[in-house]
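Common to both upcoming complexes is subunit A, partnered first by subunit B, then by subunit C.
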Partner chain A sequence: MSYLELLKLASPEIVIVITALVVLAIGLVTGHAKSSATISTAKPAHTVSHTSIATGICSVVAALGLAIAIGAILMLPQSTTLFGGMLVITPLTRLFKIICIALAFFTVLLITSQKPPPHLGEYLALVLFATVGLMLLVGSEELLMIFIGLELLGLSLYVMTAFDKTDVRSAEAGLKYLLFGSTSSAFTLFGISLIYGMSGTTGLAAISEKLATASVQPLLAVGIVMTLVGFAFKIAAAPFHLWAPDAYQGAPVPSAAFIASGSKVASFVVLGKIVLVGFAPMRGSADWHAMTAGWSPVLAALASLSILIGNMVALAQSNVRRLLAYSAVAHGGYTLIGLVAGGRDGFAAALFYTTIYAVTLVGAFGVVGLVRRKTGGDNFSDFSGLVSRSPLLAGCMAIFMLSLAGIPPLAGFFGKFYLFSTALHASANHGLLWLVALALFGSFISLYYYLLVLKAIFVNEPSLPAAQPFDRLTPDLVQRAAVAVLAAAVLFLGVMPDVLAARILAALP
Partner chain B sequence: MTPTLQIFLIVSAALFSTGLLAALSRRHAIFILIGIEMMLAAANLNFIAFWRFGPPHQPPTGVMIALFSIAIAAAEAAVGLAMVIAVYRHYHTTNVDQLDQLRG
Partner chain C sequence: MNSWIVTHLWLVPAEPFAASLAILSVSNTRRKSAAALAVAGQIIALALSVVAFVSTLQTHGFRAVQNFTWFTFGDQTLRLGFVLDPLAAAMLVMITVVGLCIFVFSVGYMAEDKNFTRFFAYLSFFSGAMLGLVIANSLLLVFIFWELVGLASYLLIGFWIERPSAAAAAKKAFITTRIGDMGFFLGVLWLYDRAGTLLFYDNGRGCLEGAGLAMLGASATFVALLIFCGAVGKSGQFPLHVWLPDAMEGPTPVSALIHAATMVAAGVFLVARVYPLFSLGAISGVTSSLTVVVWIGVTTALMAALIAIAQADIKRILAYSTVSQLGLMMVSLGVGGVAAGIMHLLAHGFFKALLFLGAGSVIHGCHGEQDIRKMGGLRRFMPVTFMTYAVGMMALSGMPFFFCGGWTKEEILHATAHWPPSHVPYYLILVGVVLTALYMTRQIIYVFFGNPRVAAERAHESPRIMTMPLIVLAFGAILLSAVLTPAWPWLHGYLTGEPTYFDVARLIQPMLFVSLALVSAGVGVGFWIYRKAGTQDGGRPAEVDPLEYAQPALFRFLANKMWIDELYARTVISFSWMAARLSDWMDRYFWDGLVRGFGAIGQLFGIFTTSVDERGINAGVDETTAGARGLGRVMSTAHSGQIQTYLGAIAIGMLALLLLYAWLA
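For the complex of A and B:
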């Protein structure tokens, strides 16, 4: 193993880190130019055009870097393992690195706007660092590396959440997210330490070998449960979801979109790897007639609580972002069912579901961001009569909401169908029937609150007299295009789910 | 009395519980951060103790992890304190009970 080879295998991550540093430098230089211009009282119009060009350059550089990273991933060999699993390249990690980068790409598109946030360079750099965290998480089968990836992602996301310094809610959401998130990472680290102590290793494959031969020790069980608790925080499974509504509502819209999409996809990939590869011998059973101790009853309990609490509390919300947060808790519960079902099919179903969920949520947050820019809020009242103001956005939001509710022919329907049918067939005598029945019940409830959003958009009269119609040629053309592309993707994946599902299934060993 | 693995594990479990108790019961954001740091320190103690009492001539994985996690804990404390300052600017308090703009 030479350093040159390491550089080659880690090239996608390196490309993104370099891009982040370049974006940071551009932001720094132009930021200085702006402040000096303000001091010398230059023409304000000139300053504005200058900064908008600078922010444009930042965004283009960031998008370009992400595109180059995708190219670098395509150049990687099919499968390699470095340092006992610290960096793993398999078809699965390649596919999900590309998905994570694509989600980051759409997040970058949502940022660029007519009125860019101050310090855009720093913000974009944080998005890129968080993307590297996602890629490390996805591309590793070693507990130390997974922990570093989690923290790189987490620390970037905390700052992204609190980035809007003028907004009280942003700071509050950031602090709450940080306190919950770092408590959960302390749990994860303590759990990892016990697992390391009991198995003497941190590679997932090696842990699995040790567990298969050793008898179950209490400390090991504690370690596994604590690690799972840490991840339950990350995927916002009830009862560890308390940070999610605040973070989704208070954070700047692109940050919320990234937390809901990229962070969730990567967390599910790595959680699936940990439980299905690392802890495979400790599986237990969550069948209703033969429940035995292991991680799968723990995950089943988390899933059922998430489905119930997420859907019930979402019913009472009047803010669209908070509603999306509670529904995210419920969707996290549905996805966990795939991991409980286990096996290649269950993992593939969970990954497919979380991917289409992420695509849908980025789009939904894109619409929320555009509405928020016009009306200054994101309550139901701000959405009322959206269809007369912007038919495009209203149509896209309808696609996203109906997909989340699971209406055919949208992607959410196929995702749920695939997930639930896999769970039904996973064990003998339909052992997971109780979980699937609960999830179906949850889906019925969720249809009600998703339709509430659509009622506000399509039926209610515009309540704000000041809400002007959206101009046809506003500068936020990029965002509208991004939202439309995402809506088209949701529709396309619903009609031809095999494009993604077959790829994920083929990528799994 | 020679130190044994059990003693280290008991100390680290006590440290973790104290940290968790502080994080859950304190209302002051800085004290919560201190509690979280204690929980991370407990995990570090575990790593080093498991490595020290593990089989001889094994790779120093436990020590390596402890080094990394110390650096990560420092970064987390830095971000946490910055966040506390940001909140203090808006609310003029760091009592987490009084942060009530977001609820429902």
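For the complex of A and C:
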């Protein structure tokens, strides 16, 4: 293995790291110029144009870097393994690296150019570093490397959450996220070390071989549960979800979108690999009358708790972002059902669902961001009468909410359909029926609160009499276009689910 | 080039759909951009249609399909696809050309309307749905677009939603066609059950190809008849024709686009598309399903032609003539003249759009008046409209030589004359031809000849944006006849895949003279009867129709549309009302009582648990039973934001999971 070859195989990650450094540099240079410009207050117009050009350059460079990284992924060989699973390239990792980068791309687009956060260069660099974390997570089958990916992702996200220094909520959310995240990381690391102790290896395939012959020991159970706790935190499954509402509500909108989308997708990919490959022999059963110990009843418990708590608490919310946070908990629960069902079909259904969900949520956060900029808030009252102010945004939000509720012909419907039907067929005698029934009950409840959002948008009178109609052709154009593209994607994937579903299924071994 | 258009055929309907979405997302004050988007979408669709059409000219009997998997469910795969063959290509070109003319016309006609942008969004949506329908290679895809077409027509008929009559007409159109669609959908399901595929053409495995048809066997008759139910609804055939005349409540361009040129054509197109299902096991070209088609068609053609004679609304006359012509096309399909039927469909698309737009121009010029008895003498005020309308009238009446309708009608007569089971349809159609010439002559005399009456006094010619499409369509209606003549039946050969060659001798046929004589008779009798229409004549007052004066009872019977609406109101509709009232009563008293009963049990249980709660557990808990929202609020308070609590929750959660693991082990 020559280093040149390594450079070639890790080229997507390297491209993004270099882009991050470039963006950081541009940000530092122009940030300096900006501070000197603001001193001469005699020419405010000049200042505005200068900063907007600088932020424009940063965003364009970042977007370009992400696009090049996708190109680099397409150039990679179909499958290779490096350093005993530290870095693997399979159709699955290729597909999900592309999906993660695409989600990051849309996150970058959502960053406003009209009123950018200060130090945009640093912010973009953080988004790009977090993206590298996602790619490492997706592209590794080795517990240590996965942990490094988790930490790289986590540390970037903590800072991204606390990035809005003018907002006390943002700081609070960032701190909570950090404390909660580091505690969970500690659990995970401890769990990984226990697994290592039991099996003598950190490669997933090797762990699976060792565990197949090992006797069930309490220490192993502790290791498995502790590892799962770390991921339950990442995917915000109850009862490890408590950071999510604050983070979703307090963080700057693009950060929240990224936490809800990219981070979740990558976590599900790697969680699926760990439980379905690494812990395969310790599966157990979550069937109603035939429960046996293993990770599958643990995940089933997490799923059912998430569905119940997420949906119930979302009912009582009056803030759209908090509502999305609790609904995210519920959706994490639905997705876990796919992993509980297991097998190639179950994994594919879970991955399909989480991808659809991520796309929908990035769009929903895009709408929230645009509304927030106009009204300064994101409570239901700020959404009142959105349809008369901006029919496009209202229509897009309707698509996102109805897709989350699982209404055909939107993507969310097929996501749920695949998930639940696979779970029903997963075991003989429909052993997982109880979980599916619970999930159906949950989605039934969820329709109520999603419709509350739509009621505010379409039925309620605008609460702000002075609310101006959205200006046309403002610098928001990019954000609006991004939201519209995402809405179109949700509609398209609902009409033609096989475009994505067949690809995911084909990518799984 | 060829393969590109086949694989990208979906782009044709995608253009108008995209235009529609774009129009809906701009503000309703941007009228110019809305119209520009709609017209641009239509122009691109037209260009692509022409490319598709040209590529089908390469070989005789060209057919290319592009199938894809919609979704996989277990081991079942649902596949959809698009097909490009002469039938689809000819329809594409006709729809886009006629559509474009109508779009341009609408820019002028709807200029004053306050919902101008919404109108163009709907119009584009309709055009996209119709284009999708003709290129669909799967009965399911046809059904999907079929319903989209129905939805578009519902929205457009009820476009002037503030008029109660428009709202009622929209509902009537939607519900009546739905009755037919129910049969259609049953046919789709039955076909899937038998043939295992809904693709028309799939390299020999489609449901219209050898193997698929062989699997159908005897059930083909029932499947075909069920599909025909849908066609009856959409194409306004007896007994589901009642919605079409009422649909004239929509703006006139809508009438032209939907209820003349394209949407009602969908039914005829569908029968032509699945013709192998109808003709499966035919003995000398006759099957029971085709016989049904013939008789329904004949009944419709004759009945509608009779009713048209006694109507006074300019658009209603055209509506009934549409119903009548569609019946004629059905007859042609039923007797085996598929190419003749489709040729008449294409020609009809041109001249009927021309007539409707001409009627729109007349209505526009007369400031919204639609009663032909109040018009008169308009040929002096609206010369362009008059000339083009006359071309349309000649084509519809079936005047041979220069007007496309003449040649196609002659082909239909030719096909019908040699139908083995019976000659009755042939003679009835001959009567229909005379009647058509008669009522069109009546209309043109009332509108354009004689002295100007109330509504015609301040009439004016329409702006150029409205007359230009008329001229284009009039030339189209004349030029189209060049490829229809028996001397050089190019279109016939194109549709059937047979080679065509030029032969002047075939131009002179007995059928030509029969046709010419009948049309001349119709026009002549019309001129004689109505020569003094609209003026006082002997004992007849000016506002009374000459025919009404001569035969008041018969005229009243026809003017009231043979009381079919009244018959339905007394039977089907009143039955539905009774059923609805019965269900309402059941709902109110029986089911509601049942639910209340269960509710009471629940309440009793609630009272019981509350008392247990209050005594057994502490008093604070009963708040959580106040319903899901209350429960949510209580749970929400647990999420206090205290990080200490949160971190504690991790530990507790993990311990609980460990206990679960240990307990199961």
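Here is the rule we use: the second predicted complex is superposed on the first by the 503 of 509 C-alpha atoms of A that agree within 3 Å, B and C clash if a C-alpha of one lies under 4 Å from a C-alpha of the other, contacts with A are read in each partner's own complex, and residues count from 1 in each chain.
The rule we apply is simple: a residue touches a chain if its C-beta (ideal position, glycine included) is under 8 Å from a C-beta of that chain, and two chains touch if they have at least 3 such contacts.
Everything numeric in this text was worked out from a predicted model, so none of it was measured.
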Original post:
Between subunit B (first) and subunit C (second), which, if any, makes contact with A:162: first, second, both or neither?
Top reply: first
Original post:
Now for A:249: first (subunit B), second (subunit C), both, or neither, which partner does it touch?
Top reply: first
Original post:
After superposition on the shared chain, which partner residues are touched by A:497: those of subunit B (first), subunit C (second), both, or neither?
Top reply: second
Original post:
Is it subunit B or subunit C that touches the larger share of residues in subunit A?
Top reply: C
Subject >> First, second, both or neither for A:291, with subunit B first and subunit C second >> reply: second
Original post:
If you stack the two complexes on chain A, which partner ends up touching A:319: first (subunit B), second (subunit C), both, or neither?
Top reply: first
Original post:
Regarding the shared-chain residue A:202, is it in contact with subunit B (first), subunit C (second), both, or neither?
Top reply: first
**OP:** Check the residue A:179 against both partner chains and state whether it touches subunit B (first), subunit C (second), both, or neither.
**Re:** both
**OP:** Classify the contacts of A:147 with the two partner chains as first (subunit B alone), second (subunit C alone), both, or neither.
**Re:** first
Subject >> Footprint overlap on subunit A, comparing subunit B with subunit C >> reply: 172, 175-176, 179, 183, 187, 245-246, 316-317
Subject >> Contacting residues of subunit A [partner subunit C, same complex] >> reply: 172, 175-176, 179-180, 183-184, 187, 216, 218, 221-222, 224-226, 228-229, 232-233, 239-240, 242-243, 245-246, 284, 291-294, 297-298, 301-302, 309, 312-317, 391-392, 395, 414, 421, 425, 445, 472, 484, 496-498, 501-502
**OP:** Going by the contact rule at the top, pick out the subunit B residues touching subunit A in the complex.
**Re:** 9, 16, 19-20, 23, 29, 32-33, 36, 39-40, 42-44, 46-47, 49-50, 54-55, 58, 61-62, 64-65, 68-69, 72, 75-76, 79-80, 82-84, 86-87, 89-91, 96, 99, 101-102, 104
Subject >> Residues of subunit A defined as touching subunit B within the complex >> reply: 144, 147-148, 151, 155, 158-159, 162, 165, 168-169, 171-176, 178-179, 182-183, 185-187, 189-190, 192-194, 196-197, 200-202, 219, 245-246, 249-250, 316-319, 322
Subject >> Residue ranges of subunit C touching subunit A (in the complex, touch as defined) >> reply: 24-25, 27, 69-74, 628-629, 631-633, 635-636, 639, 641, 643, 645-647, 649-650, 652-654, 656-658, 660-662, 664-665
